[in-house]
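Should a chain be cited, it is by its letter among A, B, C, D and E, assigned in written order, with residues numbered from 1 in that chain.
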């Protein structure tokens, strides 16, 4: 239908201007490539890191255990039969011996024979010392088991666990390693009979700190970190956002606010351990809060996280276009309403990013906790944030410095747990952020 | 009445005030030509705040002030000779008195009489009750402790009553003036503004706290080490004096540490900023929503990995890799040591990537579309648009992000310890080891050395110095940002 | 407060942990004590903050408390301090398991690691690059020694027991004195370590040293005996002056490089903090610090019987410093 | 000189306008943007229940003056306003004045349409909501609907009330902003070129709306269209280079202006 | 039905236009925003060295069509364009086509003025600079000056070239954007209501400019002013609800339109 005019109008297009397209496209392609390259590099590093961590750590989630038919011998547990009157009796009984005897019997060693003392010591060495509390808990929970026989999976000792996982070089001379040849032989036997197996290491998540690798876990640290992150979130997000709002939206632009701004930026550069000093001075010495408590840890980390959140929030607030503000003011919104109804939601993605990064940093921080006594050995669960607790990175840090081989994989395992914790923590923020993201 | 119960009561009064005020305001019938100035909710909120805020402030002030007051009163009642005795340490003595006060509460009357009479050893008596005393104590302390207890009890009682009365008064005040023209919203917003202002002063308080918590030790450090030795010394070797200088105090040269700090941070920034910025640009401009929504949080994981993991990564992987690589390149002798500025900078840079990328991405995305369209409409390529229009418009925010990144680089410890070591060298070769101020702060604080020695105290001097240096850098950064700021629309 | 609070040396930490854990299990009426890490200095500093609920009860230390610290303590009201010596920590040199055997003497270490050595009777800066330059019996390895950082108590032991000895033995001490330094300065000069990167300070823990040796197979590291024993399948230990380190040789005083470990108890807290007295007694019992106890198993060199008895007696008698 | 003209004019016109009270009175209003002065001693009254049109070449200060009337200039850091402006006799630059209430009473439609990045419904409902004008959801729906209808955009958006306001065409955005402004039923409505992006039909509707609103409200409108000024306004003020050149009855201004510049501008012979 | 009208019209008009070649040809152009279709099979030609005016009620798809011509719709995520549009016979939606070059050839002035947050000078110099149109600083100064002069804003801004472009009045911003667009001397200039915020004098200047540019360039202009369309354009296209209702010689359109809707719209009887 337009053919007519087309055929009439068709002439050679006029010479095009040279606007350096080739060069500019090369630049464009380069630019784009840099972007892809940067992201790829970032992801590569992440994968490399994750790979090293996972490679070293996934084994920590399995723990060698031995399935033993344990006879809860009344003779051994409560020789004078006083448990009815003195419940403390059950707590102090010699449970270790029960497990040892059960295992010795399995391996065909006569417990009564004095000549077998050396062997019995080796047998004991197969079983974790933690068996004491394990069996005790069973008995205390249900004293009627006394006198019966039950199959119980008991933890193997840490060295046995390492050997079973192939982490100890069995080729080196026997004298130089912790696991003896006899023990290896028994281990093979037990494995073949299916009595020794690797089971999921739930203790890694539930146990508190311990000097024995096989009974040490992240339980206390998880609770401590949870408390601290809650405190940090509840305090630093509102305070940080409030401070940013004041500075960005309300404060007169003068020397004073410049001072505050510089100050906040500067706080971000203060080494984290200095915040520990501050926390020690202010919260413990001045305010009299208890040492090693996650409350103090949370407060210190809050102070440390604040600058990050404030800087991110201010940047996000600055980026909201002025027309939105005029629009709100124009319909008679007060500045407070303008900020809370319009500017803040639009700045939310940036604020959440700051929060994610700040919280992630707080979650991984050890140095400030050192001075307020949270880099510590804490075996009991904290009931409240006022009780002694540790934190995930602290536990990692402490395990990383342990001498025992079995702690090596646990260190990596702990890092994996920390990353999972981080991921769980960030997920909510990331979903929220996606909801708020909007282009105008 | 514990503080918690008082608080609960106050909150309950506030809630009641809110409800009443709300109903009253909602029931107001403005005359013709008049409008309700503030909505009922604001009237309610105002009444609530009036009821709760002064009461809580009062309680807090009382709690803060009363111990000092009580202590003073008790102290003044102590025997003259104690007060004026040359070796009497007030705080120590009062500490005893308060501890005894604690213990007195747990004593039976008979025991108390004994204690007053001085016929028992206070320390043993109290130890049995679970109260620690540093020394055996003096008999005169017991009556003082009893007085102390009475006064504190009274203080708690009065403060509770006072607080509740104040809350009631506040509630009444908040409720009385309710009228059509009352500016409840303005009042509530003014209070909110104060709240916001208070939040921003936390930064100042933190700063003051930081300086104060390091100042005294710093001063005592400089009493034993001359300023010039610290600020201009080029050798860091706190345990050894320079051969021939004769002193035994050691050398506390800041220069090598400062150089190391800046150098490592610089390398880290050189690595993280381009990568982070390009990643941000790619996510904001080129990537599809899906890719962006995955890549961004994935990169953010980098910021959350504990630094000790980075340290181990540097120590076990990156350092040896760089060393072997440089050895292969140079054919034999490696020119990069396993522990070097480069290793530390590189690994720290990895950690910093998300600081740049995520924050910048948010800022870039916030630049209005119209800017973008305006540039594309002129025939600019996307990269030109990005470089020349969007980035300049986003600059203030990006500079903020970069500042944060640089700050983090300066404050990092663990990576440096493991990747660059603790040896304080002064060199310009990035292939060699250096160390940073923060590393030394941590080291000197956590070691086995005497805590009163300059070797430990230097940590505080380092902390304050670093603080001052970064402050200067931030002032400069602020100046730069002001100069180049572009405000859109 | 129903929990004992302990802080201090990271060397003592593993032992304190073992005791604390066993204590918690054996005394079910008490909570397991909290043991903080953070260095002797930090621990003592907290210890000397004062008495009362908000302060710690015990400070672990890998060195004896210094006079200035005792004074600081007293200024803050901490006057009665009880010192407890728990045993000895052996310090060993080790190399990668696959290397040759090492036999070190203080002279070798001095010649290899000191800042200044004596060559032809003159004092010159140390330029030795290989171990066999120092002593032909040592392997042909580049000198790379991972020694404890200056913040560690171990470093002092290393300096006193090896460098100072080596300094004397090689005659450097006299040479240094000859340059006109007084005794103190000369002693300080003796223990100065070369700064050209051949001797690397390690401020982390022994795991870091182990990692260093892992990545540099010809490195020599300084370890605690306990750490070495836990990693005997990866490390080969060197003899010093012909003695191989072990709990026996150290206990017998044959192996020269060892140091005592301590903890300090606030007397004012005894009987106040529940379990504190029991904890200390439990710690000192042979069940724990004895030669067959778990601490020795972990690597602590138990003190001789008489010394342990003396410690127990001193504690029971309430002997303060 | 200007002043004299103004005063003279005022006196001349006064008798015909006594039925309309002065709603807003601007006296000696000067505005500076940083160093640059954008308005010079403007004296201008806005009468109740009338439409006042501000005309003048681009950049002469119309928007600036308009923004003074509800203190929107407060939001521009560099802007400084001097002189007095009274609303119902109260100085709106007084400390005691609550700007928020002022802006609720003096609504504004901006020159560049600036919808919130929210849904169309939320855009309109926002004002009534913060002022508590609707008790129930149904009331609010009602307000939104009437406002959109009055702004002549209801038909186009009624099926997409919950889509983003920023996804509208230019003219639609402008009408949305009008709807948003009238939804809070202010006493005075300031409109900065409300019809610039509108087609003739929509323009006619908006003009009708203005005429209708005039019964109850006071309206100040900036326009570049002489025709529009002539059609909708009762009084017209002519600005030039920051000065108020002339002000008076629209009929008179367009037929027999006092000032040469006005004459030139109206007849298109300006510049 | 539309189609038929189009063809008929085309044939009728063709003879009078052979001196002008077709510059842009749109065939069956449909645009969807997400689910919503905004343009329905539009067939429209733009002839070289002529001014084509797009008219139609607000929201009818004028801007949408305009934005198709230099593929600015690409930047809206939800927008999908189908059909073919050729520029000098090349399909601009072809893979081989380079959008950057296309946009350099087909410049655009947006409906909402969007100056960059840079100085006035930089705003104008931006285009020439990225395209490398000026070798020397002096050349660039020259380009900036002429562009600003052509856009009739030079006098107002010549003393403040280095102040921010965002600090201008609405009309000044609009003219700045015009200057920015012509500074790169594109072959085709798309103008989306370029005069909406301009006073009559400035409008006249811009119209003069358009007339002048027509000698060498091809211009497509969206306008709501019938007068303006009649004054400046040679051809007019009328849109309604996303359909191209009628297209033809401006003279004919305004005197004797074929379509009832056009007639109604022009005479203001629409809706």
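One rule holds for everything that comes next: contacts are C-beta pairs under 8 Å (C-beta built on N, C-alpha and C of every residue); 3 or more make two chains touch, one makes a residue touch a chain.
Chain identities (UniProt): A = Phosphate transport system permease protein PstA; B = Phosphate transport system permease protein; D, E = Phosphate ABC transporter ATP-binding protein.
This structure is a prediction, so every number in the text was calculated from the model and none was measured.
*Asks:* Of the chains shown, whose Cα mean is nearest the mean of all protein Cα atoms?
*Replies:* Minimum centroid-to-centroid distance belongs to B.
*Asks:* Quick check for the class: compute each chain's Cα centroid; which one is farthest from the centroid of chain D?
*Replies:* Comparing chain centres, C lies farthest from chain D.
*Asks:* So which chain is the furthest away from chain E, centre to centre on CA atoms?
*Replies:* C
*Asks:* Taking each chain's centre as the mean of its CA atoms, how far is chain A from chain D in angstrom?
*Replies:* Here the centre of chain D sits 59 Å away from the centre of chain A.
*Asks:* Mind checking the centre-to-centre distance between chain C and chain E? Centres are C-alpha means, answer in whole Å.
*Replies:* It comes to 83 Å between the two C-alpha centres.
*Asks:* Can you compute the centre-to-centre distance for chain B and chain D, using the mean CA position of each chain? Integer Å is fine.
*Replies:* Once rounded, the distance between the two centres reads 50 Å.
*Asks:* Where in chain B do residues touch at least two different other chains?
*Replies:* Where chain B meets two or more other chains at a single residue, that happens at 185-186, 312, 316, 368-369, 379, 381, 384, 445-446, 487-489.
*Asks:* Counting only residues that touch at least 2 other chains, which ones in chain A make the list?
*Replies:* Those would be 19, 24-25, 28, 322-323, 334-335, 346, 370-371, 400, 440.
*Asks:* Which residue numbers or ranges of chain C touch two or more of the other chains?
*Replies:* Correct list: 38, 42, 204.
*Asks:* Can you list every touching chain pair?
*Replies:* A-B, A-C, A-D, A-E, B-C, B-D, B-E, D-E
*Asks:* Please name which positions on chain E make contact with chain D in the complex.
*Replies:* Against chain D, the touching part of chain E is residues 33, 36, 55-59, 63-64, 78, 111-113, 156, 160, 167-172, 175, 192-193, 196-204, 224, 226, 265, 268, 270-271.
*Asks:* In their complex, what parts of chain B are in touch with chain C?
*Replies:* My answer: residues 89, 92, 95, 99, 123-124, 126-128, 130-135, 237-241, 243, 246, 248, 312, 315-316, 319-320, 337-339, 417-418, 421-423, 425, 432-433, 439, 443-453, 455-456.
*Asks:* Could you list, by residue number, the parts of chain B that touch chain E in their complex?
*Replies:* 289, 368-381, 384, 388-389, 392-393, 486-489
*Asks:* Where on chain A is chain C touching in the complex?
*Replies:* 88, 91-92, 132-133, 168-169, 172, 176-178, 208-212, 284-285, 288, 290-292, 370-371, 373-380, 388, 398, 400-405
*Asks:* Can you tell me which positions in chain A touch chain D when the two form their complex?
*Replies:* Going through chain A, the ones touching chain D are 253, 322-335, 337, 341-342, 346, 438, 440.
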